[in-house]
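What follows is one structure encoded as structure tokens, with my remarks underneath.
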């Protein structure tokens, strides 16, 4: 069992137009940069993306947006990307905003074989419009459905050839849950180790969820808001 | 912040008759032995237990059963305990059997603020009787509700005084999910370390879920079915 | 070969390299002994383990390392441990390629009964209902009939169901039977079995396209 | 003290030893600067971190270590990292004692609007809807009125809601106001505020039991 692919482009060879693609990351942290770059280079069209954010102008998912590859997007916060708004207003991109916890749980449900669940988030707001709302013990909950994808492009820290993954600090974010919810999960990792080197009690994503692994080529990790002690930014 | 209690008895001081109590473990593996012993010694009555199994005669949860403390039980497999059957037939104990994955997910949902979800397990069986069954994409799913408890008695490997926990091998089982679903989670652990000694990327149960920690006094861990290479038992 | 060995050996042929497989208690557990040389199959145990290894050497048993049958086992390089909730999320989400389990009864619709006999001791379903409802493929590996010769493959299960329309294939010492929308198709015969014998020990109609090939 | 400092300082008085707290972006983030000496408060950041430390020393910033405001932060002894799903399970499950966040509008029912202004740039609600629907206690920490002096505390929110009947307490530079079934109760006045001034800058009736005590 060897899930390691030589390059991001190889791992994405069967990504076709119209695919639904989850992309890990929170802001610019824990984003699979090489896989995004390779997707842009490949030029797939009409993609349906699911990702918490939309990168920023010129970085992360912003690159896919600028390449005109995205037909629809589900996310929770897109405030850093001006182009997105123009495209939404022009009717060129179908945007669905969903509470961040609901997004995470819909993906978790998709990966866990749960077609729908109830959450209090968004009850009594426009998020609940058109959805079933039900009371449990006197509180209102919104029914939300599981999300799955054709591909999940995720970022991890270390992997073995069986696809077992661990993550580093807050770069974990949406990556492990997206890994579980796609037909083909591709992990971009900083280091590849031998099976058995990762502590079996500490592996976050078991290899069963991971179909392909590529080694990150060492792009610069970007910091979106540099804040330091003493009030500096 | 110091969640360490001197003894299991101290940690259980406010366990009252009629409480709902989750108890971790799968078979005799990863069972909080000291906490069970202290509960038996305390002599609380009319408890509502939630645990995958019911121990075996004379061991684990079997001790609480034999002490006549249990009024009702929710679990998935009780085949190792003869007394339980007699009590159920005699109407002295109300037993609810539920699929193991549904049990785990109901507890997870309870801890995650999800009042109900849909699962395919048990559709078309007696498990679905009296429950809402709904089709999603042509398949039948049963609606199951989240479970919470007043107390969760769990077993972990290592803890720090903030209640962060890691587990050892398959002794993890139901323990981390029960930790999330109770008003008062008490963890019995083999080792206590300083905050910062547990790898922040590898902690399985964040301290926010754990209210009390007690040090395991070194009961003998029991093996239910000893199997060895060469066919020996 | 005794019946159990025939069943386990034949069931092992359903494995493929790289498969993630959950094996039930009893005959299904034996399937692990017949994984073909050079094939990598990862065993999932629903109590929270991916990568179940063989039984330990005597004296090295670890009470914290058991399979879903509560037997002491070992880990392999690449083993992962996780919680029961994560384990069943994995199962329910369809990530396990194949689930092989025993049965008391199977019927022509693929209904399966393997957890409860009314009037007998209360045991519980454990993880069986989750496994059959969710694995990508469900194989029943069992002896063809009861010890007294009564059929276990029926027109309709009479025992409480574990799952409805969940079984893909039935493997016994006498036959390989596939569940299809048209009914049960006899696909293979056991080493010494005849079509008549299989028909006699089966409680529902079988679709037979002669000649039926042998298992081995 | 400027308005932001008054608000953050007063909000910090709502903290208790051992609390797990989620702080929103802006003024709520400043609350961390006023945790009383000797009190241990653990900060949860919804991107997947429990135990947020101060900003890093210049030169030690780690791109893999940010808070929900996407600012570089540090860890403390006992920090834990987890996924977004686990983070919101923690939030939704009511395990966070207190959530302090900003608002555009709050009304007498405790309805909160803080994510969208029709006609302005599309941003999204991020985790705010989950936080307000689920934390055990929700405090709004905001300036009492808009820069042009228009009330933000209203009879009924006019902007799209983040949550309905979710706010427990409103803390501004002028007042501490509790949301009760009877309406909004003025509980404290800011350092230089008067009841009349607060009434003038509030768009709905306030219940006032004189004398109203001072914040500090």
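Order as written gives the chain letters A, B, C and D; numbering starts at 1 within each chain.
As a convention for this text, a contact is a pair of C-beta atoms (placed from the backbone, for glycine too) under 8 Å apart; a residue touches a chain by one contact, two chains touch by 3 or more.
Since this is a predicted model, take the numbers as computed values, not measurements.
Looking at the partners of subunit A and subunit B together, the chains they share are C, D. Counting C-beta pairs in contact, the pair that comes out ahead of the other among B-D and B-C is B-C.
The greatest centre-to-centre gap from subunit A, using C-alpha centroids, is found for C. Averaged C-alpha coordinates give centres for subunit B and subunit D that are 36 Å from one another.
Taking the mean of the C-alpha atoms as each chain's centre, subunit A and subunit D sit 28 Å apart. Averaged C-alpha coordinates give centres for subunit C and subunit D that are 55 Å from one another. In subunit C, the positions touching at least two other chains are 75, 81-82, 88-89, 91-92, 134. Contact of a single residue of subunit A with at least two other chains is seen at positions 105, 108, 112-114, 119-120, 167-169, 172, 200-201, 204. Listed by chain label, the pairs that touch are A-B, A-C, A-D, B-C, B-D. The touching residues of subunit C, counted against subunit B in their complex, run 45-49, 54-58, 61-73, 75, 81-85, 87-89, 91-92, 111, 121-130, 133-134, 160-165.
Remark: subunit D residues 17-18, 20, 40, 42, 44, 50-51, 75-82, 88-96, 134 touch subunit B in the complex.
Note for the complex: subunit B touches subunit C at residues 26-30, 52, 75-79, 82, 84-85, 88, 95, 97, 99-105, 107-108, 119-127, 167-177, 204, 221-230, 232. Considering their complex, residues 105, 109, 112-120, 134, 136-137, 139, 141, 145, 157, 166-169, 172, 199-202, 204 of subunit A touch subunit B.
Within the complex formed with subunit C, the subunit A residues making contact are 1, 108, 110-114, 160, 162, 164, 180-181, 194-196, 200-201, 203, 206-209.
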